[in-house]
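Chain IDs A, B, C and D follow the sequence of writing; residue 1 opens each chain.
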Amino acid sequence: MKVGIIGAGRIGKVHAKNISMFVPEVEIKTVADPFMNAETESYLKNLGVREVTKEAQDILNDKEIEAVLICSSTDTHSKYIIESARAGKHIFCEKPVDYDLDKVHEAVKAACDAGVKLQIGFCRRFDHNHRGVYDVVKSGRIGDVHMIKISSRDPEPPAIDYVKVSGGIFYDMMIHDFDMARFLAGSEVTEVHAAGSVLVDPEIGKAGDVDTAVVTLKFENGAIAVIDNSRKAVYGYDQRVEVFGSKGCVRNENDVPNTVVVSDEDRTSYENTYKIMWDRYTGAFVSEIQAFADAVLNDTETPVGGEDGLYPVLMAAAATKSLKEGRPVKIAEVE
Amino acid sequence: MKVGIIGAGRIGKVHAKNISMFVPEVEIKTVADPFMNAETESYLKNLGVREVTKEAQDILNDKEIEAVLICSSTDTHSKYIIESARAGKHIFCEKPVDYDLDKVHEAVKAACDAGVKLQIGFCRRFDHNHRGVYDVVKSGRIGDVHMIKISSRDPEPPAIDYVKVSGGIFYDMMIHDFDMARFLAGSEVTEVHAAGSVLVDPEIGKAGDVDTAVVTLKFENGAIAVIDNSRKAVYGYDQRVEVFGSKGCVRNENDVPNTVVVSDEDRTSYENTYKIMWDRYTGAFVSEIQAFADAVLNDTETPVGGEDGLYPVLMAAAATKSLKEGRPVKIAEVE
Amino acid sequence: MKVGIIGAGRIGKVHAKNISMFVPEVEIKTVADPFMNAETESYLKNLGVREVTKEAQDILNDKEIEAVLICSSTDTHSKYIIESARAGKHIFCEKPVDYDLDKVHEAVKAACDAGVKLQIGFCRRFDHNHRGVYDVVKSGRIGDVHMIKISSRDPEPPAIDYVKVSGGIFYDMMIHDFDMARFLAGSEVTEVHAAGSVLVDPEIGKAGDVDTAVVTLKFENGAIAVIDNSRKAVYGYDQRVEVFGSKGCVRNENDVPNTVVVSDEDRTSYENTYKIMWDRYTGAFVSEIQAFADAVLNDTETPVGGEDGLYPVLMAAAATKSLKEGRPVKIAEVE
Amino acid sequence: MKVGIIGAGRIGKVHAKNISMFVPEVEIKTVADPFMNAETESYLKNLGVREVTKEAQDILNDKEIEAVLICSSTDTHSKYIIESARAGKHIFCEKPVDYDLDKVHEAVKAACDAGVKLQIGFCRRFDHNHRGVYDVVKSGRIGDVHMIKISSRDPEPPAIDYVKVSGGIFYDMMIHDFDMARFLAGSEVTEVHAAGSVLVDPEIGKAGDVDTAVVTLKFENGAIAVIDNSRKAVYGYDQRVEVFGSKGCVRNENDVPNTVVVSDEDRTSYENTYKIMWDRYTGAFVSEIQAFADAVLNDTETPVGGEDGLYPVLMAAAATKSLKEGRPVKIAEVE
């Protein structure tokens, strides 16, 4: 199966590397990036990528290419989804599909109409720890889901210039957790309440965003979820989920680089979790691409489809509105 | 120091036993209970209690008695606080002071006016694990408080007849967590948002209450807290707190009966937390009475004063209103 | 049931306190100690002890007294066991019975001949964590026992003057672990190999003892145990056991004062285990006396009988010989 | 840097795969195996291996090849080390070098004389958890080393036919732990005492071997180490080390596939460690080859040199003799 990658930034390169190392059934024929340069070209060629180009169109026009990975900037996602769909190519698109709900709807519809597969890059669904929690929930071992708690904290806030164009913490950061909450609940969200503060960096507040946020979600089945986000956890990338149900509770902890425990005169201690997202979710990036390849090759459904791209954006819209208006907002209000 | 205990139900007996065993500087002169019977009398006499009576007035009139422990039903708390204060006796009163805010105000004021010490029975502040978290926060090791997360789940819902008169989950159960949130935040709550569901037992819903609740608190200093309560955690009494700050994060785990870990062919496992509240908070009950005795004997401030009795009731009132009206409620609205 | 306590040193006082607080079916009539002074008398009287004396004989002659707790110095244990047995009193005796095997045999025989109950104070069998491991082994969950590992390390070496008369690390410290190994193995030791070094304090070496020791035990059933002792673990009182069997493995960890975990920029850490033995084994001391009282009152076997007093001394003798001669020593050689 | 691999069995394939995926500075020119077949050839060619052959000599004669990985059966190790050394090639050789001490000496000498680099495949030194312990010891955080404890247990015994030619548990299995003990102690072993039993499978006993073994090591610096091995731990591949020192204690735990913890009505549990060695030491195999490549490319010392190949064999010889003769054996006796 030959694929093309649109976008050769950080995430595009990670996917290229993972495919070349771990997904032998996929061959990267072409990588397109308007800013393609000699260094990137050399990196990609070493991975076995056959062609590089500045024109995404070269990929879309290539009959040999069966599937496209869209790793370009968010504002181009929906456009490339639509064009890829029209070109009859299966699509893996990084999250979020778009900040504009109309565009999300349009993109999802285009893929659906064209009958191509669409997978959204919510990589955390493929993380061993989060997946482990999901598997326990799915198995019925903890019974019906009553509550979900998600902590998701970054080691460092992004640059202020990025914050200004990021769409805000709910679109940029909590979007992953919205997806995770739906994934674990097995039910749709009906109402969102957001609380937020500027406690990390006043510049974030000046940019119109918050850096500390707690969002409560109510689900159709009565379950309640709570997500907390902070832009700055000094001890590292903090990613934990807990699902409480009628028959028990399942949760995970952060990964640590090793299991070493030291006791000295003062304390017993061990190493903090990872400080870099790429170290934390290494395996998840491989697994999601493997899953996409499997879905295309076996003609099965992708594990994270168009609807899964849409709902987190709805939740982010509702959270943004809730924070602004100081009241809970129903999903129906933003649809 | 001679004390009297009003109320010889479960909690009155626990305090009597703890004092007789662990607080040698306190002598229980009299225990009063309108339902005093031979069995209770025998139990108390074996602990060294000198006198038992059916009349609380016998305690209030006794010049020898310096302090009173009010362990009677909630609806009599404010009355006995006022009467004890007028009799010039120091007061330890079980939580909550009252469901009626006016009565709480009146009781707190009475103690204040009389110049007697008042301590409210929020025992969890004295628990080794919760206290341990508090000490870390207080020490400044995690910097400014940004977020607080409290999980507080009971192993079994109370009898429906009790639920009906309990005042609801926020007054009856979450009141402890409201106190804990204030204790850990070192700041006052300004706004409360409550989400609730009936997922454990439909009878609880018919009684006008919820059995699953998530409450978000906003504090004056910008910190945000989230409390989750369930009336039924099949694995035991689940009591954990986490405080996230600018310089780190501190949390505790549930106590377990022992540290034994077994690995067999299938899994590695250990024992669940306690299923009975009295087993979980054994030490906390002793410590709170010790602290009260210390405050009286050394004429220092009690560690949980009248205001600490008032605010959690305000928070419960706001949470109740929030759940009913489906919107965040400011503390100022219920004061 | 009325008891007398011979010896009012540290351990005698602990037993007196525990009985008065937690074992209501036992009444301490008399405590005897040749160095009885006003302070000790006052302490004991406050606990409800009726009489104090300098003469152990007062206890042995007292018809009312059914049982004796021997808490005097080790060199008097066997003598008081024999005299108590002849006086027809049940006996709880602190460990070790004696360093001299003949005396141990004689004492055990005396109790046996007199038909009185004898319990040796191996308190760790009653510790919640060690007992928890034992219960798992006993239940068959880990199958047949193949290996046992015991770590037992003290926070500080005793005073050199004590080391000189202690009988050596095997009699003074590892004796507890010898008992634990037998308890967990359910089989008798046939051979002992000891390795030892002086790494903590050269003065201990000058006193003819070692401060770091590793002993291997071979059991009749083929199981192998390893015990390691250090006189100085700077992080606290380190007491862990592990039993490995045909169907799994069970182990315990040290208790910690609380479950608080702190993550800061550098590390994630928690509190060390206890630094004081009495804090670590608080519950075990209560449980062993309760068990003794139950055995006497219900006329059942004591859980740690005369043979349990004998075998650890045999093992200590073999270990001492092994260390000296640089070869494994069979128990049969020292019997 | 071009290398050749002698031996295309399990471990040879693992090294080939790891080099092709993770060590870009190394190119595998040739793989030699007398049993080379179409399937293996296809596997290797897919990894980018240029040539395959049945003749190791093809590698030794190839001027382009700078270094050789010896992954053939143990009885051919010393021969290929000598031949590779004479051919002027750097050498990475799987453990153990040989069971015959003379051959080990000869091989190590040959490499030394030829001035080529020699690294022995003690992969565990490169494992993140064991390395983590080593780093703490090396940093001085726990002070002087007093005791070392190593648990090393396999999930399943090998086939009896293999056991018969394996050289026994000390050469085949504990050899890794002998290396680890030296690595952690930073001192040489002077004396070895072995205890062993047949508890897993009587066939192993009939083959003249034991399946359960505990070995005590005495080091020049007075430190004492204990290693326990079992051929069958039903819960998985159990690999833990602990180092106790004058200033503290450091230990590691087994890796688990994920951090998921489930509490249900009965127990709290998590997943067992890996049941397959290759899953457990994945990263270690990559790191050791990377370290070898670095040593060759930068002309620095290999991290596990010829002496590191020799000493564990001496320890295995001493342990074998100790078990047979029922007494501690000095290393000097077997040198």
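One rule holds for everything that comes next: a residue touches a chain if its C-beta (ideal position, glycine included) is under 8 Å from a C-beta of that chain, and two chains touch if they have at least 3 such contacts.
Predicted model only: the values in this text are computed from it and were never measured.
*Asks:* So, comparing C-alpha centroids, which chain is the farthest one from chain A?
*Replies:* If we average the C-alpha coordinates per chain, C ends up farthest from chain A.
*Asks:* Between chain pairs A-D and A-B, which one is joined by a greater number of C-beta pairs in contact?
*Replies:* Spelling it out, more C-beta pairs touch across A-B than across the other pair.
*Asks:* Using mean CA coordinates as chain centres, what's the gap between chain B and chain D in Å?
*Replies:* Taking the average C-alpha coordinate of chain B and of chain D, the gap between them is 58 Å.
*Asks:* Distance from the CA centroid of chain A to that of chain B, rounded to the nearest Å?
*Replies:* 42
*Asks:* Chain C: which residues touch two or more other chains?
*Replies:* Residues 234-235, 247-249, 263-265, 271.
*Asks:* Where on chain C is chain D touching in the complex?
*Replies:* Contact set of chain C toward chain D: 144, 146-147, 149, 151, 153, 193, 195-200, 212-214, 216, 218, 222-224, 226, 228, 230, 232-235, 238, 244, 246-249, 326-328.
*Asks:* Considering only the defined contacts, which chain D positions touch chain B in the complex?
*Replies:* 234-236, 256, 263-272
*Asks:* For chain A, which residues count as touching chain D in their complex?
*Replies:* Interface residues on chain A, with respect to chain D: 21, 24, 46, 128-129, 131-133, 136, 141-142, 247-255, 257-265, 271.
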